[in-house]
Each structure stands twice: as structure tokens, then as C-alpha cells.
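Below, chain A partners chain B and then partners chain C, in two separate complexes.
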Partner chain A sequence: MKIGIPNALFIRDKIPMYSKFLNYNNIDTVISSDTTLKTIEDGVEIATSEECIASKIFLGHVQELVNLYKNNYLDAILVPRVYKEKNNIEACVKAMALYDILTNIFKDVKFIDVNVDYSKNITYFKSLINLGITLEINHKNRFFGAFYALQEQKKFEKNRYMKQFENINFKRKNVLVIGNEYIVNDKYIKKLVLSSLNNVNIIFACINNKVNRYKNISEQVYFSNSINVMNGVEEYIDFIDACIFITGFPCATDSLINEMIKERIRNIPYIEIMVDENTSSIGIVTRMESFSDIIEGRIYI
Partner chain B sequence: MKYYVGIDIGSISTKGVVIDENNKIIASDYIWTNASPIDASKRLVNSLIKKSKEEWLNNIYGIGTTGSARKLIGKIIGATSIKNEITAHAVGTISKYPDVSTIIEIGGQDSKIIIIKNGVVIDYAMNTLCAAGTGAFLSSQAKRLGIEVKEIQDYYKRANNPAKIAARCTVFAESDMIHKAQIGYKKEDLIAGLCNAIVENYTNNFIRGRRIEDKIVFQGGVSRNSGVVESFKSKLNKEIYVDKDSHLLGALGVAIISKSESKGDKVKLNIKDIEYKIREKECAGCSNNCQVVYIYEEEKLLDTIGNRCENCKTNI
Partner chain C sequence: MIIVSYPNIGEYERIVYNFLDKIIDKSKCKILRPEKNNRKILELGEENSPTNVCTPFKYTLGSMINSLNKGANVIIQIGGGCRFGYYAQIQEKILKKDMGYDFDFINLYNGNKLEFFKAVKKAKILNSNLKVQSLLKEIYFIVKLLRFSDNIITYIRDNECYIDDKEHLKKIKNMILDDMLKIKTVNEISLKNIKYKKEIDKLINKKDGKLKIGIVGELYSLMDSFSSNFLEKDLLKKGYKVKRYTTASYLLLDKNKMQKNLLNNSKLYLKYKIGADGTESVAHTLELINKGYDGVIHIKPFGCTPEINAMPILKKISDDYSFPIMFYTFDTLNSDTGFQTRVEAFIDMLEMRKK
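Let's look at the complex of A and B:
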């Protein structure tokens, strides 16, 4: 059996976990390739105009997997539904709706859904067990699979965290890039925004929402991805010389926190870059070049 | 004496200056770009050369380009410095007003705010998604009212009761303005309303929480319009400075940058009178599918713009 996993949106961050679980139970996984211009074009073709750039990219990734499915290379595509990753903290509404959107768009494709909802005690562990039941995996294997999968995810997050920290280089200017993981770590967006930022050390803030550092900025935050962004800011704020907030257009969760973050990063050069599928590199290049000049702080006269 | 050239190729106009070691402008020109930056730069360079005295033409040590076509023209002309317009404008303005804190710039299609502290840019903002509240907005509304852009300031002075016009969107502003005209507002009140609307739009979009400190310098084409300048003064309740060379400050800035980046080698100001061909193509060399601009100098590939890797040069 072969199952496809879209390498985008909320799912991407959990790929190590889902892959480990499926591979442990002798199911092959196919992960969609990195975002390219074609991915975005494919996504835009399917999406409604109101959807955000991240979900357009997501649809492009699913389209790639659907093509494989239609060529009988895949047996199903995994699309988890996330409601709450913590009690009282919601995931973005997109994370709840993905499966239903996809079953509506691609009617003859087999999607596998699995719910995560901490308010109903469906943790990631439980959701993996449920996934095992759906896939008719026996009791022992699904239990061990879920156990190893969570360990794998923990290891991945720890490694990423350590790597981010090792990346800080005090001999150069450190620029923190914040935003939702699926935006700042998307290869296409990364290249579009950061390719003209030279001679600086770039740190990506991807922090798990289990940390409570965000409370320094705001006691109450509604969305879990906002918490991740805020935790990222708090984690690195003492080490950085500048900060770039990359936000997808139109992102509701980012729009609730960008002013708060701006307030927090007061005395450091800060810029917010908004990207959508129409964003040309020309406008961004001018902004990033002048931002580099601000970071450098060179006096020409 | 060493001399430096700065060229600012904007969307509407192309500006050029020649400065000496003391940042004094010794020659300048201002022409329309007419959507053809290569042609405009040719005309500009030729006109600067014509105005030249032998002495400076043979003693150029740096050429800088800025503006939206800076990379294209920079590559054709062999510029020693290519700089974004925000830094260039800031440097040009600081050279004339060393104590400047805020630069307000409203041009043909974009508007910006630049905040400066101790001679260094510390913050800026630029319009992103639309051109409401820029020069293009003002000129299209003036056309609608059947008056010349130049006349706007005379109308502004005559207005007693400026109309309230929403400027968040050019289309809404237009319907707002027509509605006000239909219910009997005078033309001068509508014009004054438009000028106020530009200022309103600017303060809503750019000033948002930023502290505006003296000295404030206003630049860009719209700064030539005293109606908008007056409106800014009353809104911000501060003195606003408009330089007589405000349209040249970007070019001046990039000339100064080329001076500071100069390696001490002489360069020649020359733009060959040959055909430059520009071809735009989506490269298929890798999965990035960059929109690459190929610049040809008589069939020979001179350079490319917009590529993320070198594959496009072999995959034409």
C-alpha cells in the first residue's frame, strides 16, 4: 500500500510522525515535492479566490498527489483534520476544513482523514491509533507505531530547535524570520523573499506551541499558529539584529498578532512582507534591499 | 577633481545628475521615461554629455543607478553602484538636510515614508497593493474634473469649504467626488477635498503609530503641488520642507553612494548607440520557472535579470 502526504500547510510539520507511523506498519509514503511556480498555478486553478496563498499552495501539492493517484501509483492521500492542539486553543479554520474541501473538489479520489482534538481528548497519539484502525492495522502494531511515531516527531522538533540555535552567529548580523512554518519554510516563498538579503545570518523561528513564552506578549491568544509565531519571537529576541515577518495573503491568524509583534520588537529593524500568488519579485527585491541597508546601517555621507 | 554620475530611472520620469567631490550638482536633466527606460536613459546620457564640459566627462569615478529600472540600465550602462530607491532618496536628502528625520515621498505610482535617525534609515513603509493616494490618483481625478494637474494648486487656494472625499480607493473616490459635484459642490472645494484625501490616505497607511519628528522633507512629483503641501502642514501641524531640486534627490543620492563605493578607477559614461533587445521568457531550466529578462546587445547576451540560478543562460 502507498499513501501520499501533501508537503504543505499544517501537515508538513508533522510529516516525520505520519511517515514513521505508516512506514513502521509497512505502508509506503509518497511526499509531494517542494513548491514550485507550477504548484502554485495548479493550486490557484482549483482554489476559490478568497483562499489564502498557503491553502492555494496546499491544493497544488494535493493536485500533484492526485495525478499520481490517477496513474495508480497511490492508494490514498492522507489529510488530517486538526481542531484543537491544546485545550481552548484553536487551530486555523483551514486545518479543520481541509479534508472536506478536498473531498468536494476531487470527487473520485480516496482521502483518509483522521481527527486531532485535544478538547475531546483525541491527542496525536490517539489520532494515530484511530488512523491505524482505519487502515486495519492490528492492535499491537498500531500502538507501537504511534509510540515510535511520536518519538520520531519529538526528535525532529528537538533537532530543528538545536539547529536553529546553532545557527546564531555573533560575528554577523542575525536576522530572525518569523511567520507560520508552512510559509517561512516553503522553498518557493523562501527564495522569493530572502534571495536578495545578503551578508546576514538568517534564523528561522519554528517553535512548538508547547512552550508558554508567548504570554510575555499577550496572555490570551486564540490560534495555535499565532502562538508558534509569538514563541519564536520570544525565544530569539535577545539575539537578533533585525526581524522579518512573512505573512501570506489573506491570513486571518497573522492579522490578529502583527501589531502586537511590532510593539514587542520595538527597537530592532522590523519589516512585514505579505506574499500572494501575484507577488512579483520586483516589489520584494526593492523592499529587501533597502531592509539590508537598514540592517547594515551604513552612512554614505 | 573627481566627478560622479547618478541616474534615477522611475516609472514616470528619468532623472540624471553629475556631482563633484563636494556633492555639488554641476549638471542635471529630467525627462519623461515614456515606458521605455533604455531609450530614456540614452536620451538622458546624451543630453548630460552635451551639457558637459570636457573636464568632468573625462574624470568620472563612479556611476550609480536607482529607480525601478536600476538593474536593467545599470547593466547596460556599466554602473559601478546599483541601489534601491529608498536608500538613494534617503542619502540624497540627508546630503541637503543633515538633520532630516522624516521623508514623505509621493511619486507617480508609489508613496513611501522613510524615518531617519542620526543619518541612517531606521524604518520605512511603501504602498503595497494599490496606488490610491499617489500622483496617478490625483492626475486621473483632475482629468475627470477637466483641469490640468498644474492648476490644482490655484483651485486649492480658492477653496473655502473642502469636500470630504474618501481616498482609500481611486474608484470609490471618483464616485464620491461625482456625487459631491452633483449636489452642488464647487470645483475648488472638490479639488481641495482631493488634496486632503491624499494626505488622509497617507497618514492612515504610513504614519500609523510612527512618530513623525522634525525635520520633515516632502519629495516626489506630488510635492510640486502646493495644495497637497498645505494640506500636509495643517494635518501634521508641522513645517514641511520641499527642496527646489526635490525631483533630483534620488539621482543625487545614488551619485553620492557611487562616490562612497568607488574603488578609485576611472569609468566612462557611455551608452552605445546600438539596439538593446529585451526578451522576457519563463525559463524551463529547473522547477523554479523564473520569469527571466534577457538583455541582448546586438544578438549577444549581455546579462539576465530575475533568475535564481545560472541554468537560464544555457537554456534559452
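Let's look at the complex of A and C:
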């Protein structure tokens, strides 16, 4: 059996966990490839015009997997649905609806859903057990599979966290890049925005590091992606010389937390780059070059 | 002197006024009713809001700025749900730090959670003798008043197309709006309810053949006529039967109970809740199709994620049932002419289909 996993949106952050669970139970996984211009074009064609860029990219990734499914290379596509990740912490509203959106857009494709909802006591562990039940995996294997999958996810998150910290280099200017994980770590967007930023040390802070530092900025945020961005800012604010906030158009949660973040990093050069499917690389290069001039202090007025 | 105000949302500001009027200490406190939403308020909100924020944020911020300019020194904001939970803290920051207003901000929500006892503590600014017991009594009354006004207004809306004596209807509507400000006891509510229903029933003359249109979508656009270019009023004026499910009493009192049923009714298209009112948009559209409506208009402010989630599902429903659904997004730069043209074209199409 082969199951496809879209390498986009909030799912990409949990790929190690889902892959481990499926692989442990002798199910092969096919992860969609990195985002390209074609992925975005495919997504734009399927999406309603007002979808955010992240969901357009997501739909492009799903289209790639659907093509594989139609060529009988895949047996199903996995689409997790997330509502509450912890008590009082919600996933983006988009994450609540992905499964229903896909089943209504793509006809005759088999999607497998996994629901994560702490308000109904469906934790990630329980959701994996439920996935095992759907896939008719026996009791013992689904239990151990879920156990090892969560361990794998923890290991992945810990390694990434350590790697990010190791990245700090005090001999160079440190630039903090914040934003939703699926935007900032998307290879296409990363290349589009950051390729012209030379001679600086880039730190990515978009990980779920499970701390409550975000409360220094605001105690009232409840969307997990906002919390991750704020945790990132709080974690690195003492080491950085500049900050870049990459946001997708029109991201609902980013449109409000950017005000809070701006307030927090008052005395540090800060730029907000908004990307969508029509973003011109020339415009971005111009903005990033002037920003890098500001960071390096080359501007004397 | 304390001058308290709150952001506007449709006619519901009258109920908030009535509630505040009962709990404040009138010797020390005055209520400033917010202006109805208008172009000036929208511009004030737009000028001072973050760029990509949804339109209800701009309306509510504009409404607050307008009240502060008129002398208000206490502002109450209610949040919770979707992005609404973030509104209060950002608006407080914009008004106090960026714009320099000096006032007390009473926020009834902490993020997405209603904090009743904290809210009571804060409300002591308005009346130092305020007790939880009396507050609960007033909340009970206001819930009844909200139910009454929503029920009677919905009853009028459902039957307006069958009423020929529009002048008389207008008088009744004005009396109801007045009562939303003036009624002070639960008994009065029950008496008025019976009285108005009788008066309206006398005016109704049911006929077949009326074009039936449903309006679904985001709550603020649905409940505040200015923010949806007076769509509902226009359709009613033209004599069409208009159905709208979303009301404040539905959202505050019934929504949680109804969610399971709504999901069950739309199980062919939805397995899970899709956020805020998205589930309602889908379930109500299906209900309208079953009830024999001719078309549905789906409205939302720009960037409203739950309603964007509902759109592909509504498109599928539209295809499956060959049922006309028009989508319209409102923002600060709406052209009345463009909007009218689209609505007229949609209605022409519905009329042609009906023939």
C-alpha cells in the first residue's frame, strides 16, 4: 500500500510523525516534492480566488499527488484535520477545513482523514491510533507505531531546534526570519525572498518549541501559528540585528499579530514581506537590497 | 463624568444600550450610543487599521474612534471566535499607543474565552455597587429581549414580501426598534411579542410566485446592513422573499446546540466543522435548497477564512443541484454601482429560471 502526504501547510511540520507511523506498519509513503512555480500555478487553478497563498501551494501539492493517484501509483492521500492542538490553542481555521475542501474539489480520489481535536480528547497519539483503525492495522502495531511516531517527531523537533540555535554567529549580523513554518521553510518562497540577502547570518524561527515565551508579547493569542511566531521572536530577540517577517497574502492570523510583533521589536530594523502568486522577484530584490543596506549600516543620510 | 460607549453592529447596539442603561450608576455615568455605520466611520477605521485585517475590525475601530472623538472615556469591546478574539488587544494598542487616546478599555474576552468575573470586576467602573446577582438578573432580561427582537424581526423579514401596507409595517418596525431601547421588564417583552405578532398577522396576505432568495455568509456582513451595501433591505424593498438565519441570538445562544444537527444535515458535503460560520453557510444553503428557494447570495468581508473554506463546498453544491449561488466579497473600496449590477443580473437570471 502507498499513501501520499502533501508537503505543505501545517502537514509538512508533522511529516516525520506520519511517515514513521505508516512505515512502521509496512505502508509506503510518497511525499510531494518541493514547491515550484508549477505547483503554485496548479494550486491557483484549483483554488478559489481569495485563498491564501499557503493554501494555493497546498492545493498544488495535492494536485501532484492526485496525478499519481490517477496513474495508480498511490492508493490514498493522507489529509490531517486539526482543530485544537492543546487546550485553548487552536490551529488556523484553514486546518479545520482541509479534508472537506479536498473531498469537494477532487472527485473520485480517496482521501484518508486524521482528526486532531483536544477538545474531544483526540490527541496526536489518539489520532494516530484512529488512523491505524481506519487502515485496519492490528491493535499492537498501531499502538507501537503511534508510540515510535511521536518519538520520531520529538526527535525531529529537538534536532531542528538545536540546529537553529547553533546557527547564531556573533561575528556576522544575525537576521531573524519569522513567519509560519510552511511559508518560511518553503523552498520556493525562501529562494524568492532571501536569495538576495547576502553577507548576513540568517536564523529561522518558526518552530514549535513548546514554550510560553509568547506571553511576553501577548497573553491572548490562541492560534498555534501565531504562538510559534511569537515564541521565535522572544527566543532570539536578544541576539539579532534585524528581523524579516514573511507573510502569505492574505493570511488571517498574520494580519493582526504583525502589529504586536512590530511593537515588541521596536529598535531593531524590521521588514514585512508579503508574498502571493503574483509576487515579482524584482520588487522583492529591491526591497531586500535596501534592507540589507540598512542592516549593514551603509546608509548615511 | 464617565461616558461609556461600544462599537456598533446593526440594530443590536440598542440592546446593548438597554443593558448598560440598567446596570450603570446614572449619577456618575452616561452612555454614548455609537453612530450607525457610515462612510466616515469606515474611513476612520481603515486609516488606522493594519492593512490586511478583515473589514469588521475596521468598522468596529472606526466606531470606537468616532465615539472617543465625541467624548467617550470608557469603551467596551466583546471578542471571541476566529479573528474576533484578537480584535480587542490590537484595537486597544492602536487607540492608546498609536493614536494617544486616554480611556478605559473593558474587554470581556481573554483571547477566545469569556472571562465573566474579570468582566464584572472591570464593569465596576460603571457602577461601584454592581453585584453579580443583579448583573445575572439583567443578563437574563437582556437574553429574553434579544430573543424577542430577533424572533419578531425574523418573522417580519420572512413575511415582508406578503405585506402590501408598507407604511404600517414601517411604523411597527420603528415601534419595535424603540422598544429595544425602552422595554425594562420580562413581562413587557411577552406582552409586546403577542401584540406585534397579531398586528403583523393582520397585514399578511400570502401569495405564491414570489422569488425566494437566501442570504448566507459571515455574521457581521449579514447583521449590519451598511457593511453589506444594504443588500437585504434592497431585496425586501423589491418585494422578494428573503431568508437569513444568522442573528445575534442564534450565534450567542443556539449555535453550539445546533452544530451537530447542521453537520448531520450536510453530511454529504461536510465531515467536520469548517470554522466560525462556514458550517452554517453550507448547512443553511442545503436547507434553502430543500425549502424550494430560487437562489442564494453568499456574502463575506475580504479575507474571511471560514467563509473562503465554505466557498468550494458551496460551488460543489451549486453544481450538484444546479442551484444558483452568487458570491460577493465586501471591502472598504466597494463600488455601489458594481454591486447593484451584479445583484440585478443575478436576480434577472433567477427570474428567467423561474419562468
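FYI, the second predicted complex is superposed on the first by the 297 of 301 C-alpha atoms of A that agree within 3 Å, B and C clash if a C-alpha of one lies under 4 Å from a C-alpha of the other, contacts with A are read in each partner's own complex, and residues count from 1 in each chain.
Note that a residue touches a chain if its C-beta (ideal position, glycine included) is under 8 Å from a C-beta of that chain, and two chains touch if they have at least 3 such contacts.
Quick caveat, the model's predicted, so the values are computed rather than measured.
Enquirer: Superposed on chain A, are chain B and chain C clashing or fitting side by side?
Expert: With chain A as the common anchor, chain B and chain C both fit in the superposed model.
Enquirer: A:Asn185 contacts which: chain B (first), chain C (second), both, neither?
Expert: Once the two structures are laid over each other on A, A:Asn185 reaches no partner at all.
Enquirer: Which chain makes contact with more of the residues of chain A, chain B or else chain C?
Expert: The larger set of chain A residues in touch belongs to C.
Enquirer: Once chain A of both complexes is superposed, is A:Asp100 in touch with chain B (first), chain C (second), both, or neither?
Expert: Only chain C is touched by A:Asp100; chain B is not.
Enquirer: Now for A:Ser281: first (chain B), second (chain C), both, or neither, which partner does it touch?
Expert: First partner only.
Enquirer: Using C-alpha centres only, what angle sits at chain A with arms pointing to chain B and chain C? Round to the nearest 10 degrees.
Expert: Result: 80 degrees, to the nearest ten.
Enquirer: Between chain B (first) and chain C (second), which does A:Asp293 come into contact with in this model arrangement: first, second, both, or neither?
Expert: Only chain B is touched by A:Asp293; chain C is not.
Enquirer: Touch check for A:Tyr83: first (chain B), second (chain C), both, or neither?
Expert: second
Enquirer: Of the two partner chains, chain B (first) and chain C (second), which one does A:Thr253 touch, if any: first, second, both, or neither?
Expert: Touch status of A:Thr253: second partner only.
Enquirer: Shortest C-alpha to C-alpha distance from chain B to chain C once the two structures are superposed, in angstrom?
Expert: It is 5 Å, taken between the nearest C-alpha atoms.
Enquirer: Going by the contact definition given at the top, which residues of chain A touch chain B in one complex and chain C in the other?
Expert: Residues common to the chain A contacts of chain C and of chain B are 274, listed in rising order.
Enquirer: Once bound in the complex, which stretches of chain A touch chain B?
Expert: 33-34, 36-38, 188, 191, 195, 269-270, 274, 280-283, 285-287, 289-290, 293-294, 297-301
Enquirer: Under the definition above, what is the set of chain A residues touching chain C in their complex?
Expert: 48, 50-52, 81, 83, 88, 90, 92-94, 96-97, 99-101, 103-105, 113, 115, 218-222, 249-260, 263, 274
Enquirer: Using the touch definition from the top, list the residues of chain C that touch chain A in their complex.
Expert: 50-54, 57, 82-83, 85-90, 93-94, 97, 110-113, 269-276, 278, 302-306, 308-313, 315-316, 329
Enquirer: Looking at the complex, which residues from chain B come into contact with chain A?
Expert: Residue list for chain B touching chain A: 23, 68, 83-87, 91, 94-95, 98, 119-124, 126, 128, 256-257, 260, 287-289, 291, 306, 308.
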